[in-house]
Amino acid sequence: MYNTFGNVFRFTSFGESHGKGVGGIIDGCPPGVSIDMEYVRRELGRRRPGQSALTTPRSESDEVEFLSGIYEGRTTGTPIGFIIRNEGQRSHDYDELRAVYRPSHADYAYRQKYGIRDPRGGGRSSARETAGRCVAGAIAKIALGGSRITVRAYTSQVGSIRLEGSYKDFDLGLTETNPVRCPHAATASEMEALIRDVQSQGDTIGGVVSCVIQGAPAGLGEPVFGKLHAALAHAMLSINAAKGFEYGDGFDAAHYRGSEHNDAFFSDNGIIRTRTNYSGGIQGGISNGEDIYFRVAFKAVATIRRAQETVTETGEETLLTAHGRHDPCVLPRAVPIVESMAAMTLLDYLLMQKAK
Amino acid sequence: MYNTFGNVFRFTSFGESHGKGVGGIIDGCPPGVSIDMEYVRRELGRRRPGQSALTTPRSESDEVEFLSGIYEGRTTGTPIGFIIRNEGQRSHDYDELRAVYRPSHADYAYRQKYGIRDPRGGGRSSARETAGRCVAGAIAKIALGGSRITVRAYTSQVGSIRLEGSYKDFDLGLTETNPVRCPHAATASEMEALIRDVQSQGDTIGGVVSCVIQGAPAGLGEPVFGKLHAALAHAMLSINAAKGFEYGDGFDAAHYRGSEHNDAFFSDNGIIRTRTNYSGGIQGGISNGEDIYFRVAFKAVATIRRAQETVTETGEETLLTAHGRHDPCVLPRAVPIVESMAAMTLLDYLLMQKAK
Amino acid sequence: MYNTFGNVFRFTSFGESHGKGVGGIIDGCPPGVSIDMEYVRRELGRRRPGQSALTTPRSESDEVEFLSGIYEGRTTGTPIGFIIRNEGQRSHDYDELRAVYRPSHADYAYRQKYGIRDPRGGGRSSARETAGRCVAGAIAKIALGGSRITVRAYTSQVGSIRLEGSYKDFDLGLTETNPVRCPHAATASEMEALIRDVQSQGDTIGGVVSCVIQGAPAGLGEPVFGKLHAALAHAMLSINAAKGFEYGDGFDAAHYRGSEHNDAFFSDNGIIRTRTNYSGGIQGGISNGEDIYFRVAFKAVATIRRAQETVTETGEETLLTAHGRHDPCVLPRAVPIVESMAAMTLLDYLLMQKAK
Amino acid sequence: MYNTFGNVFRFTSFGESHGKGVGGIIDGCPPGVSIDMEYVRRELGRRRPGQSALTTPRSESDEVEFLSGIYEGRTTGTPIGFIIRNEGQRSHDYDELRAVYRPSHADYAYRQKYGIRDPRGGGRSSARETAGRCVAGAIAKIALGGSRITVRAYTSQVGSIRLEGSYKDFDLGLTETNPVRCPHAATASEMEALIRDVQSQGDTIGGVVSCVIQGAPAGLGEPVFGKLHAALAHAMLSINAAKGFEYGDGFDAAHYRGSEHNDAFFSDNGIIRTRTNYSGGIQGGISNGEDIYFRVAFKAVATIRRAQETVTETGEETLLTAHGRHDPCVLPRAVPIVESMAAMTLLDYLLMQKAK
């Protein structure tokens, strides 16, 4: 519980926005995995602030230092500790927030929970914490790679601009070619324009990330409470600003009849497959060998450069206008985090399945 | 992991559709809670097959026998074991299914996972298993009652018939007055008509359950991986046929701007509250004292009385027409299960918060 | 935590001495294991009260009913629920104990912990609960058998009568040939005489059980907090009346020098082995392929037929003389329980090692 | 499992002897606890190598850097990450060990488990890892201090020199007045002389640490598998070189009769207490308010400066003579580690008891 994710492959996270740094411990990583450090850095870079005009202008170099568990380039099976030092914090940006609860932020809830809170940049509730997840996710992706399992996410909606169609309709290799991380260039341009417009108004906007996992073998998932999609839902909704999760045809499934929605089995040269995949690759909570795909909804970033009604810690009503450097839209940077959480979940379930 | 749900209040489940019975062990229930056995039976009855013309005609009396943990009507703090015996199974209904994978059922995935499966009525993957959850949920509801926390769900969509509006617009006391469990009589009638129509065609239909938790104190939720809504998502997506979860304004949040979506704080005679509640009562993964509400999408029941293309265990293609007694729509019976899982989650988090 | 034991192979226990029965749920058992029901019954019978003149004369038939998880004689990978109904309880034996704390029993501690307790026969703290462990242990032994791992325990000390020598000095096949479960006939006779003498005086006596695990592969154990011997210690000290645990040369190791105690490695026709085995088959918390052996100390049964000073629930001092039917010595019946806990631990660690 | 200890108060550890450093993450620490950094440093210093002539001459300054979870001197309830950098390693000391399995070390077992190992100084199996435990233990002690619970350990045996008597017979305030950490000056001198003698012969020696916990309320402990003494046993046997654990009268209990061993209750001015305390403050796995005391056996350090028979990784027999800088006796430095593990266990159980 608490700050640990996973059952066999387990990631325990620490760190706040304006403390010494963020990081964590990866436990249960299989031994003997060769770690490509350049790949890990690149993955972490995909989440890095300041990577484009669409993200916060905060400059963070985000260098990860591995502290243990890797010897001569390979994992040893022992815990992999790591840290990403914080830098470039401007705590004075937050001075005025010490005693004020920012609307739709975690400030008030943390205060009620712990009776104390670190007000600098949201402290533990800051998305800064997800940097550690990207490192753990990169390690998981490398380990999954050995099993030929790939995890790819992309921005499929920003505000009301929605990329219609399935992941199959796009070349996901193009996702990284634009700052929005949408594999369809024209839609990406529209999204980008919307984000810039919203940003110019001191506002923020929500959206949706879609993700597909390919190459996963049938048999992953632990009935009844450890259903694979339940674990993915848990993983995705642990990401800051996430508001909803659906897999396969998700909420649309509510509209359909069994005769429309069922996935017929057929024999594909001796391999059992389904003609359609409304199930999203998971049946009864267990993977069936088809592609696993799902969508995650994100709300708009809560910090806006506009006056908002709120109260102070002592209960007095006040107006608050934020001045910090924030993203106008989390979607572009949420893509690698969605992938990281998905990769950790898949690797965890792959290892659990081995313990039979 | 596996068949245990929860951290402090923990429910471990056992049982298959056509074995001796289903049941479980509730561990970590607070001591000294008076258990109203009639209430538990009523709650279990809400999930019972054969309760109306809209559900499967299978007759199950569903008598729960408590085996331990309750002494002179009160919980003792020790594990509460219980069993609900199976009865009225007609295994021969399933004889023809022994070697055939039913489309969009868990048959194939279980076989791939375990290399063996109990083919009678879906075995462990049957919704029969949820009877145990209703017992554990009833116990959780009783324990929550002492803290004045209520959990109420209702059917808000069947196929494309959708109850527009918020839970606040309806008298949830009316939910149990119709077999669909929709608190709005006219919509309930429409839903009922649709289900009967679908049923007459040998087909099935999906829908959505909405749920609201009221009276929960601020401070429940365990950042970062134990966010309260992540736990609720996990809980809901562990229910058979669930396809999606959203809390607060959920997927709609993707459309909104921060300035539209943020919940302003104000002082309500000294109590800090929010003017709107798009957050769904949870901010940063922690309850803020407002109502917690969420929606769960369910697909149509996979078993239909129509010929479907599929394959046998030996890989031969075949046609399958089901003859068993199944629900045309899971929604009415899903309502108490959603409540049960929500109640268990809330009680678990309430107890975790005490361990500070 | 609480009433669940194990990580992958997990046993959750329920039940009290004078409730409906005791039992549990075995989760994570590998699928496809053929269960010899006669073997399970025999193993349970080894723990049964009334099996000899050395044990309590309470008559319990101890029939186990399996409720799930086994189909056509083989495990399916789903949870195995089971119950052993209580019978022959004479609750009136305990009427006088309702308001009195029995010395060195758990009565007072339970009352302080939960604020409520089931006074009949010790309730949850009764050794009756271990019947469930023997069922789970029997299943674990069967599963281990497929890997040629054996677990054998025996009584090595009763009071001051101690069987000198190592497990290698005895034919452990003789353990079941006498009611004390000591593999050395002459010592067994002495132990038996001592127990009868103690019993005739209305008293009880403690002792030691020794156990050896053979055939375990090298590599089992999870550093640093999941060391194999730490898990075994936890398992053994969870047994009622256990007071101490040591493995290898245990407390004797305190006396030795490194030069005396180290186990030299040598090559046994290409297989690396150790010349001595003071390590008890575990080095750095991980099995090294040698025999794993350990000892568990048990105190005398707390219930004696003699007047003892104590207090009532309301704090008044009183004298108490027990009249119930109790064992004069737990050792003979502790042997199968030690084996059961050891077997569950080993199987759990064997499965964890597969998840690499 | 694996590298995490505890249920509510959880410590996850990382680090190897010759990597970047050791450290960990403390999760579940109560918020608002004032951390005296000087105290933490002192506690860590008690474990530090080179503190006296009786320990390894390796020089380690052991500076702990806290990375998160503490704000303005107080815990915030969020994870406390920390690191102690390694320094002064002389990896060349270990060059010759790369391909050789040191007798009674973990080298061979790790290799069998993971198929790979970090040979420098034992890697993860080095006692260097316990530095992190001392930091977590110091935090736990501070938190326990608020509940007036104290944990004190001392060396009670070195080789065959044994301090006779109970913890009550000594002034434990004297424990830190000599390098052996024995509260009885004359015995301490004898122990010290023995250790020096053994050291001069290039050898090592084992011993016993005794520990007493005072001030713990009645009611701590989680039946049946979470018995308080079972958790303590697990904790103690997770310490390097530990071979046995006993609480109360432990293995001696085997000799006694119930009439001798039972602890009579009496009313001490309205407070229920026991006249004797053979139970060691724990009955039925739950604390009863009396002092909790136990003993832990340690073997001699495996590294000796004498030629020993062993084999190489490739299976060839060879002779090995160690040249590294090692302790002749772990006991003096084991004392603070025993205290740390005991403090973490107690705090964990105290917090669990709150979740009722």
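When the chains are written out, they are named A, B, C and D in that same order, and each has its own residue count from 1.
Keep in mind that, in the parts below, contacts are C-beta pairs under 8 Å (C-beta built on N, C-alpha and C of every residue); 3 or more make two chains touch, one makes a residue touch a chain.
Nothing here was measured: the structure is a model prediction, and the numbers come from that model.
Residue-number overlap of contact pairs with B-C passes half for only one option from A-C, A-D or B-D: A-D. Of the two interfaces, A-D and A-B, the higher number of touching C-beta pairs belongs to A-B. Averaged C-alpha coordinates give centres for chain B and chain D that are 46 Å from one another. With centres taken as mean Cα positions, chain B sits 26 Å from chain A.
Between chain A and chain D, the centres computed from C-alpha atoms are 39 Å apart. Counting partners per residue, chain A has 2-4, 13, 28, 31, 77-78, 113-114, 124, 223, 352, 356 as the residues that reach two or more other chains. Note for the complex: chain B touches chain A at residues 1-5, 7, 13, 101, 103-106, 108-110, 112-114, 124-125, 129, 157-160, 198, 203-208, 217-227, 229-231, 233-238, 240, 243-251, 253-267, 270, 272, 274-275, 278-279, 282-289, 297-304, 306, 308-311, 315-317, 352-353, 356. Remark: chain C residues 2-4, 10, 12-16, 19-25, 27-28, 31-32, 65-69, 71, 74, 76-81, 83, 113-118, 123-124 touch chain B in the complex.
On the side of chain C, the complex with chain A involves touching residues 8, 28, 30-31, 77-78, 223, 351-352, 354-356.
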